[in-house]
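The following pair of complexes shares a single chain, chain A, combined with chain B in the former and chain C in the latter.
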Partner chain A sequence: MSDSVKSEAGSGFLKNIDLRVMAPFLALALLLVLGTFSNPNFLTVNNLMNVATRSAFIAIIAVGATFVISAGGLDLSVGAMVAFVASLMIMFINAAAIANPYLLLVAAMILAILIGMACGLLNGVITTVGRIEPFIVTLGTMGIYRGLTTWLSQGGAITVRDFEVQQIYRPAYFGTVLGVPVPVIAIIATALIGAFVLYRTRYGRHVIAVGSNEEVARYSGISVRNVRIITYLIQGLCVAVAVLFYVPRLGSTSATTGMLWELQAITAVVVGGTALRGGVGRIWGTICGAFILEIVGNIMLLSNFISEYLIAAIQGAIIIIAMLVQRSLLRRQ
Partner chain B sequence: MKNLVMGATLLAATSLAGVTQAQALTVGVSIPAADHGWTAGIVYHAERVAEKLMEEYDDLNVIVKTSPDPASQANAVQDLAVQGIDALVILPTDPDPLVNAIMQVKMEGTFVTLVDRAPSNNDNSVRDLYVAGNNPALGAVAGEYIAETTPDAKVVVIRGLPIPIDQQRQDGFDAALEGTNVDVMEKQFGNWNRDDAFRVTQDFLTKYPQIDVIWAQDDDMVVGVLQAIQQAGRDDIQYVIGGAGSKDMIKKVMDGDPMIPVDVLYPPAMIGTAMELTVAGMMDQVPVAGSYILDATLVTPENAENYYFPDSPY
Partner chain C sequence: MKRISGGAGESMRDDTERGGKAIILETAGLTKSFGPIEVLHGIDLTVCTGEIHAVIGENGAGKSTLMRLLAGNLKPSGGDIRIDGQSVSFANPTEAEARGIVLVHQEILLAPDLTVAQNIFLGREINRGLAVNDRVMNAEALKAVGELGADIDPETPVSRLSIAKRQLVQIARVLLTPHRVVIFDEPTASLTPVETDALLKVMRAIRDRGVAVLFISHRLNEVKEIADTVTVLRDGHKVATHAAGELEPSDMARLMVGRDVSKLYPDRKQDDNGEAVLEIEGFTVPGYAKDASFRLRKGEILGFAGLVGAGRTELMEGILGLRPGRGTVRLKGEAVHFNAPIAALKAGIVYLSEDRKGKGLLLSKDLRTNLTLAALDRFTKALMVDRNAEDKALDAAIRDFDIRTGSKELAAGELSGGNQQKLLLAKMMLLDPEIVIIDEPTRGIDIGNKEQIYKFIAELSKAGHSIIVISSEMPELIGLCDRIVVMRSGEIAGEVTGEGMNENEIVVLATGVAGNRHEMAGAR
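Right after this comes the complex of A and B.
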């Protein structure tokens, strides 16, 4: 009733805006206002670029998670996968099988992408062919990828040894193009491709169909299994892309690399408006969710009135409040 | 009659002891599996010292076992006891759940050396020898160095995780700076993690236009701190102090890196100290029972070489 009244009364402009899609962006705007009050340095280009750059890993991984979750799956192994892929990539660089450092880096990047996709494929195949709950499968592979990383590093750190290679690779995280940090460009590119695939291709529509109702999708002739496997493959690809920007930052991995990133990625996806039960996927909302997570931490640190012991509690509260604001906006709509 | 029986038992016991003395002595070493840098160092040094000791003493056998969690470590301790050991050197993953397993071994007459992590009842009913680093001193040494080198420094602190060890280090640091002109502007948790330390440092640099010194408490976190400083292109930070003694940071001290002038030891090599003392007690009949607390030594370019292990994973 209220819906129809509103759409009749609303102008053409308002009619085109879906509040559900806008909600995470409103929450982000609210946080920006809050941040401005907390510290005069918050609203500087430098700080906001720092935050956007830092969110790149979670944002890129979360684009993949949007596919997995929209199709009704779940991937808990992404954090461990980051550590695993990054470790293998650094070990390949250290082995220095190719003398030319540029070629070596290109080969290492291609290798990382392939390993990431293989890891994702493994998750997908075990989940679908083995018919096991994705929660359990990816919990298992999380342990496997994490354990293998710890074994490869013997519990210590794996570091890029060649200083020259590290200097060549460094701009991939720290460099800028026309004043925009490279990782931010990577976020936008990943999201554009992700949005295109999810909204504009037949495969994207199949993902949503499988997520909203598996049985109906099956009877409509969609290969549920293949659609699901490919979502995990996309997730692995996104993890590998994130690794490409992670390695140049510190040039090393350790047993704690990527710890709990899976939860951050899932939170970003859900805060962004994707339904955890599947059937709804919002790429740009996910990117916004990743920004929100990083900005909450940034505001906490920049503000002067919060004890360091309370940060986790306040972060949790802000995320819940952001979700409540979203819901109340929906109801009004 | 009673006396006689007791005398006989005593005699039997002595002769038995004599028999074992003639045979090889066995030392069991139970340590956590390498799940982060510091424990990886523990495993490395335990294996290194075990080899050395066995070379030194012909009739000595050292068995090193690693366990990922308290439950499997309790099993490992039992397995060692069944194999027959004369001494147990143990660095518990978590001391309190392991107290019973350790006491059981000790009641059989095995010499027990406890390393680093103490249970709440850390007395001679649980262990004969206790070897540990000095957490309050780790903070105090860093604090004293800052107060001495840069008396008016503006300092930010990156802590570990909110657990007792971290609090002890922080308390030692605060106590050392009491009454000095050093201004500790803020403390935040970096979770002993490089990426978190990077993030926290970036935000500190945004928040404060002038920072003289960063105390990061742990060498792993210093890696992230240095990257964040380099990225920001800031030259107001005079130096960073870490802690523990990873090979990368010790190397920087050795090379005279101006950003890392010193490091504070909380060395994983302490497992070796414990093993050496235990064996000395058994082999050379010197008294070793008691507590042996290592200093949190300040590593400077002059002494850094003594603490540099290029082959260690940490």
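Right after this comes the complex of A and C.
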């Protein structure tokens, strides 16, 4: 028994590497090479750190989306949710109910986390208890969160008014620890926690089981409903974490904040190798997917081959190409 | 009878033995490899017009692969397929159909939301002008189904039909193609005895039109009953081809397995005095079961017999909280109510679904994940799933339940049906249940694995577990159980035990019709 396993492992290193797992990392490597050729400034620590920092919002949100999608769900409302949570957070800061600016910020952050989780919970409860397709539910809540944001801002912008608070909060996005930008550390921390929960805990196993075959999970005594609700809760939490780094960046939100981020998050997840039908989740692939999206944009900016106005079109093409690659790899097996 | 023992290379070329019927389909040295592994080794098969040619063998023996080669679903790696003596090669099933070879799949491949007629004519609709001509198609469909001896309204959506009727619709659809060879891939696997009997009649009618019928089955009595010629495969080799008259089912079993399997059911000592562990009183599952009462004693194997649709599965699912139901459930004298499957599992009752692939195992996941899925809390240490403990559990399960797998890293879906069932059993036994409910424990499982699963069930009961076995195979229930509860149309029709445990009694209770013993004979 163990012999046969061993001989298989020995029969060729390449054979045992799952191409589907490796594909996003190979694509990333390819892009790095491409970027290096297109502009000498591309492959500098500075530029790459910049790229990673800018990918933080999508990367962190996409970690949550990996959970939702692995369990067979979908959340289209994340972009609108960013705008909604960020707006409420800024409004709370502006209300200045607490005199001490540090305490005020901490309270605002906790509030943002709670609102994000509540938004996610709402998505989860409506899909599972109401038994409505997640596509429809989150399409609806996307409209609700977006509409509420527009109403709160009266069509304009919501800006942090207190200059002192803004100065205190700025390093959360622009600061570095040992030379590493804070948002990059946030990406790594989120991914580490996400990977731990998805790969190593019982709950993570249940997520994969539910996405793989709901009936099998049910007959195995797993509460499919709770598992699903919690994935949306995690998604809401991730959105809130992204907001914590978004607010200090601009200190302002508007009705167009987070526009189309849901598409970028889903693209990052799918490019990373997570199956859209559920049952397979790849956290590190997702992070890689988020980097890929950002690097493509970066290369387009640095080089003069293609107009940067085409970034959205290129990103749209990437998701289709990623699906085609996944499909052809699947067929070869 | 002298020629019964056969080697791998033996083939029957003496066609005169089959009444001088014309050879329609032949294979010579047919091989098939998947990657580097050859799964069919030089098969020589001869099929004549007007005969029912059964192909039998254990799971993994290569029966389905052979059939799929003949029907154009797969391409041979070597050897020859000849029709009327002329070499052919099919790129796809359509090309095989053009030469008159049609395959009735084991799985039901119909669109559930379309009507019977729409399904039968799917992809070859009859048009009138630009619109489809439903009137003509409905009439044709009614005729086609009627020829199979069934009466199904062609305008019914397929989703409302029983499995047996869906199968007939599928057969009607296939037979609409002009055909000279019809291949049935385990058509009776999910049918009740009465339905099986009806299907066998249909197959005979097809043969009597001069069509060659190829037939895959696990049920040897059925093969004996209906086949004219029997070909036995084992491990991808053809072991023998014989006229069916020369073989008894026990001979077939021996050729399939390669050893004697005279004793399928384990010896058990019956104990009627165990305390009642599970008592059900007046349990109703709306739409499926009405006012059912029974009791299960400690260490007992209790059978549940009945026709498909009698409500056996649904009754159990209702009791376990898998679907809504009401009534009294007493566990060791204590009234309980399970509103979710997790509650039943925690109380020590596990249920192994008849739908192994749909409800039992995550086919795309590895064995370890599947094994521990229901009992994951036992493998969790400090928030983390303990993979070493899981590995040990998998080793133990592979050993205890004799799960045959090439590698521990395989996906569950890559195991054979029998080994999947053993894995499912191992998965549920990890919960250390007091009561085990097994639905169709050996459906689609070959004889060697069947024997083992019976042995496991007997051992579990000996170890003090109480077991309920739901099965449509009466010999299985009779051979294995202490008592058999018979259900009919959602109600418990009666119970048989001891001497009363024979097929006649059960059929009388299951159908409510006395004395149709002879009609049942074919289904044994």
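Just so we're on the same page, the second predicted complex is superposed on the first by the 287 of 333 C-alpha atoms of A that agree within 3 Å, B and C clash if a C-alpha of one lies under 4 Å from a C-alpha of the other, contacts with A are read in each partner's own complex, and residues count from 1 in each chain.
Convention: contacts are C-beta pairs under 8 Å (C-beta built on N, C-alpha and C of every residue); 3 or more make two chains touch, one makes a residue touch a chain.
Quick caveat: nothing in here was measured; it's all calculated off a predicted structure.
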| item | value |
| --- | --- |
| Partner chain(s) touched by A:I320 [first = chain B, second = chain C, both, neither] | neither |
| Which superposed partner A:V106 touches (first chain B, second chain C, both, neither) | neither |
| Which superposed partner A:I222 touches (first chain B, second chain C, both, neither) | second |
| Contacts of A:N213 with chain B and chain C, given as first, second, both or neither | second |
| Touched partner set for A:I132, first chain B, second chain C, both or neither | neither |
| Partner chain in contact with A:L43 - chain B first, chain C second, else both or neither | neither |
| Which superposed partner A:L250 touches (first chain B, second chain C, both, neither) | first |
| Where chain A meets both chain C and chain B, residue numbers | none |
| Chain C-touching residues of chain A, taken from the complex the two chains share | 1, 4-5, 8, 196, 200-202, 204-206, 208-209, 212-213, 215-223, 279 |
| Chain B-touching residues of chain A, taken from the complex the two chains share | 39, 41-42, 44, 46-47, 50, 54, 150, 153-157, 159, 174, 249-250, 252, 254-257, 259, 297-298, 301-302, 308-309, 311 |
| Interfacial residue positions of chain B with respect to chain A in the complex | 33-37, 39-41, 43-44, 159, 162, 186-189, 191-195, 198-200, 202-204, 206-207, 220, 223-224, 227, 231, 248, 312-314 |
| Residue ranges of chain C in contact with chain A within the complex | 322, 340-342, 344-346, 351, 353, 355, 358-365, 369, 373-374, 376-377, 379-380, 383-385, 398, 406-409, 427 |
